[in-house]
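The letters A, B, C and D name the chains in turn, as written, and every chain counts its residues from 1.
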Amino acid sequence: MMIIMQPGATRAQIEHVIEHIREQRLSPHVIEGVEQTVIGAVGESHAVPTSVFEGLPGVQTVQRISKPYKLASRQFHPHDSVFPLDGFTVGGEEIAVIAGPCSVEGRSHILEIAHAVKEAGANALRGGAFKPRTSPYAFQGLGEEGLEYLAEAREQTGLPVVAEVMAISQIEIMTRYVDVLQIGARNMQNFNLLRAVGETRTPVLLKRGLSATIEELLMSAEYILSGGNHHVILCERGIRTFETATRNTTDINAIPVLKALTHLPVFLDPSHSTGLADYVTAISKAAIAAGADGLIIEVHQDPAHALSDGKQSLTPEAFARLIRQVRAVAEAVERRLAGVPQSATRPV
Amino acid sequence: MMIIMQPGATRAQIEHVIEHIREQRLSPHVIEGVEQTVIGAVGESHAVPTSVFEGLPGVQTVQRISKPYKLASRQFHPHDSVFPLDGFTVGGEEIAVIAGPCSVEGRSHILEIAHAVKEAGANALRGGAFKPRTSPYAFQGLGEEGLEYLAEAREQTGLPVVAEVMAISQIEIMTRYVDVLQIGARNMQNFNLLRAVGETRTPVLLKRGLSATIEELLMSAEYILSGGNHHVILCERGIRTFETATRNTTDINAIPVLKALTHLPVFLDPSHSTGLADYVTAISKAAIAAGADGLIIEVHQDPAHALSDGKQSLTPEAFARLIRQVRAVAEAVERRLAGVPQSATRPV
Amino acid sequence: MMIIMQPGATRAQIEHVIEHIREQRLSPHVIEGVEQTVIGAVGESHAVPTSVFEGLPGVQTVQRISKPYKLASRQFHPHDSVFPLDGFTVGGEEIAVIAGPCSVEGRSHILEIAHAVKEAGANALRGGAFKPRTSPYAFQGLGEEGLEYLAEAREQTGLPVVAEVMAISQIEIMTRYVDVLQIGARNMQNFNLLRAVGETRTPVLLKRGLSATIEELLMSAEYILSGGNHHVILCERGIRTFETATRNTTDINAIPVLKALTHLPVFLDPSHSTGLADYVTAISKAAIAAGADGLIIEVHQDPAHALSDGKQSLTPEAFARLIRQVRAVAEAVERRLAGVPQSATRPV
Amino acid sequence: MMIIMQPGATRAQIEHVIEHIREQRLSPHVIEGVEQTVIGAVGESHAVPTSVFEGLPGVQTVQRISKPYKLASRQFHPHDSVFPLDGFTVGGEEIAVIAGPCSVEGRSHILEIAHAVKEAGANALRGGAFKPRTSPYAFQGLGEEGLEYLAEAREQTGLPVVAEVMAISQIEIMTRYVDVLQIGARNMQNFNLLRAVGETRTPVLLKRGLSATIEELLMSAEYILSGGNHHVILCERGIRTFETATRNTTDINAIPVLKALTHLPVFLDPSHSTGLADYVTAISKAAIAAGADGLIIEVHQDPAHALSDGKQSLTPEAFARLIRQVRAVAEAVERRLAGVPQSATRPV
């Protein structure tokens, strides 16, 4: 930790900071600059909050040098985390595509989409049973009934199922029905929920919050990892900026930045990060070109009648085209789509 | 609802939209512009999602005209909501000041601060027993033990207590100990938690999310109100922007905007909205000048040793000075601080 | 300057950085942490770009410790800069209010507003002759004709005149007609223009850019100051965020932060920072409560027919009410409005 | 234009708006909703500012339906604009890569880089002679001397030259030396400069401002186009958000959005949009996958000694690798790099 003193900090103030450093069992190292003094506090400083020094007289700012996350960091785990899901692996050479509707709207509805996305090349099925909606008056999902339909869709298609968990009380039932628990953007810092899914051994897809920094996303992953659940997928889904032409701004930089900082697999959700079906394919290709390990995409057989997110949902036909185009880009960056034999990946 | 067609939308596409409008039991009104056609959908459109039209061929955008919140809106409830707390009222002429530490750190700690803030003029005591921390390794609060100390502080000082609830499972115990349940910024869209506190009859202080719009804050209030809990205080606590000189950016505009849009009381938390003790007093005065109904402020007897948020905590002495200065501004805008006889409010 | 090495940086990389530090005639100070090494580069480092070190192998980040601005900094100029304008002073105890229309629309138009704002209590007149408009098809101002009308308004009312300069070629003519040159938000980093106004001795009102940081605003002031023009007023006018309920987000924190960092006077433009006439008075009061030295406000006798910015313009009557309310707040913070004898400031 | 009345607007207020619509020679169309009335104003409304209606009593908001730009819009110019530069075309099937140092630092320096980037596959040379620097104390470029060296580099390599113009007074000399005038992000709304380059017939590369919306970028292009200069390249270079892990946030969504809205060529500058050399290649590939027509990339033979932007500059070797990887992605999206015979484009 580096403690930067204000210009004109007195000798006594510097001594006072040094005492506080020693109190924390750290070693002080003073650098006197022309205008300002900087004091390094060396040692096991992870558990020491910066606030120990921030409030002291004469202190300008305190800066932590090393990353506040350990388990998520590539520093101590240089190799990519790779783990299996039904029939494919996540985080390795293969690129996985999860697809399906925003909400499960009924039995025949989800079964029909499940077959359609499977045929187009999806590796897993998404679908919401419990829906976080901005308005209390909007459709809130089918609940357990929706989970049952998802399980039936899995049985028929063989696709593993990804669904969002919104509350601790839903975890027990969800882990019986689904293969991957999704933590939505609005719950990225619902720390009690993070701890609770960290205690399960079900893989978690953790979405970045609307205005969460990359470091905060990694700290939220740390909550899950520290519970012993090592199967965490990080998912960029767009951040909130001043731009209004799209629903969110895809932070494409986050893909290579995350791949550098962490060993965890990194996915992109172009449906939410753009909010408009017309741009989903272009941004999917961009994600793969930038190094993403997977995609999660909203598909609906009749977007105009979707109970939620119709504007950003692709038809099964558009999704099949997307898969073909993404496959070509994957190959250009020396990756391949999961579930497709290497020799069959050349676009026609 | 207004459906704006793309330039060049065909007659058939327009007819198709009109059919969908009728399907929703709304009346279509077509306005043909020089370049684009706009179709109004008139009727009870609150329950109709915009996505019904957004996915249709030829549609450019769909715009909802009336506000999506009803119970929170001033339109149907023109008078300010005023409700009593122990010894003062919230949302009326009186301005309330809630003060106390970020976290309850121990029994003597909270008792000492409680007496200090009471003496300086605070109307209620804040203090966290369950703490939402970015890092799983940081101090997470004393839990129920902290609640007990808060209750003791209330008994000794007569100050009502405000504390954050982070999970549905904590509600039952918290309502036994505290007077106001705080929903933190990170849980503003934890919809299950909002519903659950909406079912209690304990007043709720709802903080705006880090990147939540004003409309989203009102929609979250709507979740609580729709459960029958009408005692909701809205709290601006700074939003996330590109500026790094302060922890957050105080959206001072939100104060008069919220006062115009809703009848609910509006508070400001200058400790979080600036993140730096040096600026808390200036921003407190600004909040009251802009029309806020109250403040919530972090106070600690020894900020340099606080277990959390020391950087933004005031000492009891600085807080007493703040109260004196805020009192003068309150009077300048024809308000007065709660708990102070009108005749005694002149600054010395 | 502090050079923070990556975890695992080699001895050779550290030596290489040390050589580069010596090359720049600075002294290296190495602090070896548990995970990472930090190297201080001590000496006259102002002219040394951080990029000298940022590209070196093994370097993680480079952090400048001292502020990159000198002339604008309060560190070397602890007292407030105070300077006279026609009939009042800026930056001292007095609070100045500049008012007038967005654009000069004609002779009788500007003369009428000038008299109205003077009567209501304004200290200076604003009005645009050259207008920066987002669209090439919008009204671009009356040009020199507008300047002549402004000069006539000054003659009749005695109010000094503030107008925006958009190009170096306009400076010569403008300095003949106006008392304060305004640099608009869109030109805050038009460095050639900043240098050019720095060479005049006409006071400059420098508006913060839409997404400029506080430090960048101070660096732009440094451009003007370094030309020898010491009469610079800084003006917060709202920043761009995700919030859409208002045109911009008033960064009220910037007021006390700027007052702490610089000796220059700090104004607020609530017309642009809110974009809506309804909120201008509340935010004006907030600005003064937070410590602003002045306000610049758009006033138009018929906002519905204004050629620009009608939505955010006050009528002269509303402006007169604003002055009365702001006066009460100014007194509450122990300031007073310019041009009003102290004894007359009590609100009625 | 749609005028949305407030809930409770009176009959007289609605009539008053209708009068104003007729005054502007537009036809009013009233839609009475359950809670609010909307009035369409149909006709040639481009020249009518929204402020004509925004200030009127009872008006809530005014919304323009059709795009405020005409010449830049794809609506009236459905085909891509394609124009030649020395030896290649911009905006067509070919993807162009512009490369070179941030600043021209000397004669041998720029000649060496020019040859290096040419050999690696660049189609044009970038290099700054006049530099916009945040600090008045930083290196400001070599000025005309720099232009002479750029011209010599062009002569030796055959690469056309792109350089930034910062002031109207520089245009005349620059058009003698350079092939493309760059308007930097900080000058995107320097409207006088836009008009002036619009009067030349030299191609312009227009960078998006740090917090400019996509619509504002198109309006700035409209300024240039309306002067008769049709050779405008739009360039995304990252926007300012709360994220601090990278210098800016690459708005990758802007690529397909701009390709949909305008016929003008769209480039990306990954050096500025990331600010870190490590991420430039990944984001270059993403840009091409998303549909960009070209790239502009900072290359320096010794980034650690660059006078500016060393942190984000690639070495010539890294740039050569980037070209090879980008080429593979271009082919995957059925484009090809300019200047490379189709048959030679397969990566080895």
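Just so we're on the same page, a residue touches a chain if its C-beta (ideal position, glycine included) is under 8 Å from a C-beta of that chain, and two chains touch if they have at least 3 such contacts.
Model, not experiment: these values are computed from the prediction.
When the interfaces A-D and A-C are ranked by C-beta pairs in contact, the top one is A-D.
Among the other chains, C has the CA centre that is most remote from the centre of chain A.
In terms of their C-alpha centroids, the spacing between chain A and chain C amounts to 39 Å. Inter-chain spacing, taken between the CA centroids of chain A and chain D, is 30 Å.
Contact with two or more other chains is made by residues 211, 240-242, 244 of chain B.
Only residues 211, 213-215, 239, 241-246, 249-257, 260, 273-274, 278-279, 282-283, 285-291, 325, 328-329, 331-333, 347 of chain D touch chain A when the two sit together in their complex.
Per the touch definition, chain B reaches chain D in the complex via residues 2, 4, 7-8, 29, 31-36, 38, 40, 42-45, 63, 65-66, 75, 211, 240-242, 244.
Interface residues of chain D, counted against chain C in their complex, comprise 20, 46-47, 49-56, 68-69, 132-139, 166-169, 186-187, 189-193, 195, 210-211, 216, 219, 222-223, 226, 240, 277, 302-311, 313.
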